[in-house]
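The two complexes that follow have subunit A in common; it is paired with subunit B in the first and with subunit C in the second.
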Partner chain A sequence: MRVEYINPFVEAAFNTIKTVLGVDIVRGKLYLKDTSQPVLGVAVLVGLAGDVEGRVIFDMEKTTALKIASDMNGETLTEMDELVKATIMELANMITGTAVTRLQDLGFSFDLTPPVLFSGEKMELANTGVEALIVPVDLPQGRLEINVAIRERI
Partner chain B sequence: MIAKGDLTGINVSRKASGLKPTGEPIRVLIVDDSMFVTKQITQILSSEGFVIAATAADGKEGLDKYKELYPDIDLVTMDITMPNMDGVTALEKIMEFDKNAKVIMVSALGKQDLVKKSLLLGAKNYIVKPLDRVKVLERISSVLK
Partner chain C sequence: MNNRNTELNTEQTDAIENSELKMITFSLAGKDYGIDIMQVKEISRMLDFTYIPNAPYYVRGVYNLRGEIISVIDLRLLFHLPVPEKEEASSDEDVENLIVLQFGDYYLGVVVDRVDKVCSVAMSEVQAAHPLFSDISIKYINGLAHLDDRLYILLNVSLLAENEAGGRFTSGMESIAGGTFSSAPVTSAISSPSAAAPVGTSETVPAAADLAETTAVPAEESGTASASGALSETALREMFDRFTSGLAAVCGFYVNEWSYETVYDLFRRYVEENGSAPDFHTADEYSRILPFVLEEEESVWSAEYFDAVKSLLPDSSGTFNAWCSWCGYGYSAYSLAAALLSGNENLNLRVWATDDDLLKISMGPNLTVQNISPDNPIIDFTEETKNGFKFKKNLAEKILFEYHSIENGNPFPKMKFIVAKGKTSFYNNDTSKKIISELYAKTEKNSYILVADYETLPESEFRLVYSGSMKIYQRI
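Up next is the complex of A and B:
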């Protein structure tokens, strides 16, 4: 997978989180996954289809999701209710929208699917034919993993 | 005692006041499928004196509520990407129903083509997410002029 697909998502995550949460984040070491991988507990998936195709998953533990949603809403949220889910999906939407604008500026043309949120324990994710690059980012609220699998449409 | 209008005049000269010149509140319909965004817009506008007359979770519901409450809606905030009926279609149908409707689009980045289409269809302005309180009130102020 070409690194130019990844950087817009990382930059968008940094900028969006800084704007929305008012915190700086620390980027962890990138790693590749081409086999099944565990999901931390709450995952939002946004699909891409066009000149390039694939998906981006924003993956975090439930406690991290609750803390992020609490901070974004300015109130303490303790259950994975509709507001928490809507908040986390909106964060994924904002990051992806910003990244897509940058990719479109680079000449790629594609559409996004609406975000889908999965939550549960002991979930696994499997890819078919696309290696996933994972960018861990550490926030005061916990770790967020940006899991990107994109390829050029054949 | 300081009247609310005095405070508004001092602090928010470039921001939108939620009151009409008559002193009545400006009534807003928020159309957005995200509970989070609806809550954000509600908080920003309520704090300036706007009244949230109704909310809708998709374009079809937004269109229905606009017609139901007409002419008592002064401003509509319209998300672009929504299930059932998207915001651009809902805008088009609202403008067919009321050519004087004041609709402001709310968009994530990456939807420039749809924003341009919305402006051609009659939307008065647009707001890009993540929402910034000052920018939201400035854009709304420009629509209400």
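Up next is the complex of A and C:
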């Protein structure tokens, strides 16, 4: 993944979460991964197109999703209902949107697809030959993993 | 020695296929794993490891196990798995589960989520792991065992000590590493490279044995070399095997199919001159006969490289894709682009510059160089600023800097020029094999590969077109 793309995503994630949730976050070490991996329980996928092709996945446990949605809505939510799903997708959209805007400023043209949310037990994510950048984010609500895979259109 | 090895291995394999493997099972992030019980000394629960400053991120510290100081690493940190949060030490729940592993006379503690049980599985039930299966690196996996409706991932724990620590942990790790559960005869690779080649030893060094299969070993040729005189080819080969094990453990340099020829030649010359195998214990000693085992400092290319690359360049029309693997800060990527463009300024060039060191590669797009000699041709492609020499925009825009680990697959197109200088031997044998085939896969007819002067590509597929302080090969 091009180094120019990394910072916009990391900054967008941290700034957006900080603003929206008003919490302190601990930034984990970035690393690369090419194998399939377990999905923690709730995953939101946002596709990227334009100069590049790729996707961003926001992966978290169900309890984390509920806590984040509760804090964003200012009420206690205990079920994965429509509101929770919409809230989590909105957060993913905001982060990806911010990142793409930053990239636009740097001269890269990206488009987004609408977010898609997956939830379930014991899910696994598999894609071959795609190397993903993992941005781990530790929140008081739990751990959020942002998984970014982007490649140049050749 | 090869023959004896084969016999031994067959015997061992037979015995193993009929035998049962006893393993200790445990879980990490909800998945089940197993470790051969023969490598486990004990299981314990403990807290309060003594933290060591500047240790790698996965090292939790050291622990005093009844007078024995052992290092403790956290498998979850090593494999980047989530670590459940522990409250302050108040209740029983808060202590960590620890498995103490034994390698020879050396102990290593590993922290896991939960220790499960001891169970047996027939060796014949153990299957090879598939790269897609697990979220931990395939190199740590020995196989998979299916038992009671659960799938256990068998970990190659020897590699923990040997590989990740880069030779920090000593005491014969290398000879166990990479082996399957069959690697029973454990010898101390580091303490014995100097032994005067007892011809009758039955040790097997997996790395070297593996190499013997994959590399065309000029056995007869060196056997008849007059100066080797009293030493038989077998003895020499055994000494060489021990030498390469030590080299891997001390310098992290794994002799592979590219570096084999040069290392073996230099080794043989040393033995012929001194009458005995080298007795080396430090990287400095190894580097005296193998200067290339120390990592080079990065800099822009010299005029020699520049002219060599420039002279090779055909009047290429269409896109000219080049790949600078392990480009670090990007010096070699800028140099390559400049050399190619000075050969043909209208070249439709695109250079992929990749490295798995995020800090270094992030500097790439804005690299400034402190000193460039005025007679280095690359100076024409730079502008002097108050911070040093900066590369001109028309050069910089040709280069894509990517954070990429060459061990993972990549979507790059076929390349006309690849720089792969002096790095493949710093990966263990399985990984370097994979990397080399990945590099080959990106070449096409007439593609060039630039390698270090000690690296040799197979003559059947590559033609040497330049040889100096580095080599350039062209694919036939």
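As a convention for this text, the second predicted complex is superposed on the first by the 153 of 154 C-alpha atoms of A that agree within 3 Å, B and C clash if a C-alpha of one lies under 4 Å from a C-alpha of the other, contacts with A are read in each partner's own complex, and residues count from 1 in each chain.
Following the convention adopted for this analysis, a contact is a pair of C-beta atoms (placed from the backbone, for glycine too) under 8 Å apart; a residue touches a chain by one contact, two chains touch by 3 or more.
Just so it is clear, the structure is predicted and the values come from calculations on it, not from any experiment.
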item	value
Subunit A as common anchor, with subunit B and subunit C clashing or fitting	fit
Partner chain(s) touched by A:I134 [first = subunit B, second = subunit C, both, neither]	second
Touching partner for A:A126 - first (subunit B), second (subunit C), both, neither	second
Touching partner for A:A86 - first (subunit B), second (subunit C), both, neither	first
Angle at subunit A between subunit B and subunit C, C-alpha centres, nearest 10 degrees	160
Partner chain in contact with A:T101 - subunit B first, subunit C second, else both or neither	first
Contacts of A:T19 with subunit B and subunit C, given as first, second, both or neither	first
Overlay on chain A, subunit C to subunit B nearest C-alpha distance, Å	24
Common interface positions of subunit A, toward subunit B and toward subunit C	none
Subunit A partner contacts - residues on subunit B that touch it in the complex	34-37, 39, 81, 83, 108-112, 129-130, 132
Residue numbers on subunit A that touch subunit C, as the complex places them	1-4, 6, 29-38, 126, 128-131, 133-134, 136, 143, 151-152, 154
Subunit A residues within the subunit B interface of the complex	16, 19-20, 69, 72-73, 82-83, 86-87, 89-90, 93-94, 96-101, 104, 112, 114
In the complex with subunit A, residue positions of subunit C that touch it	29-31, 57, 80, 82, 131-138, 356, 358, 361-362, 364-365, 400-405, 407-413
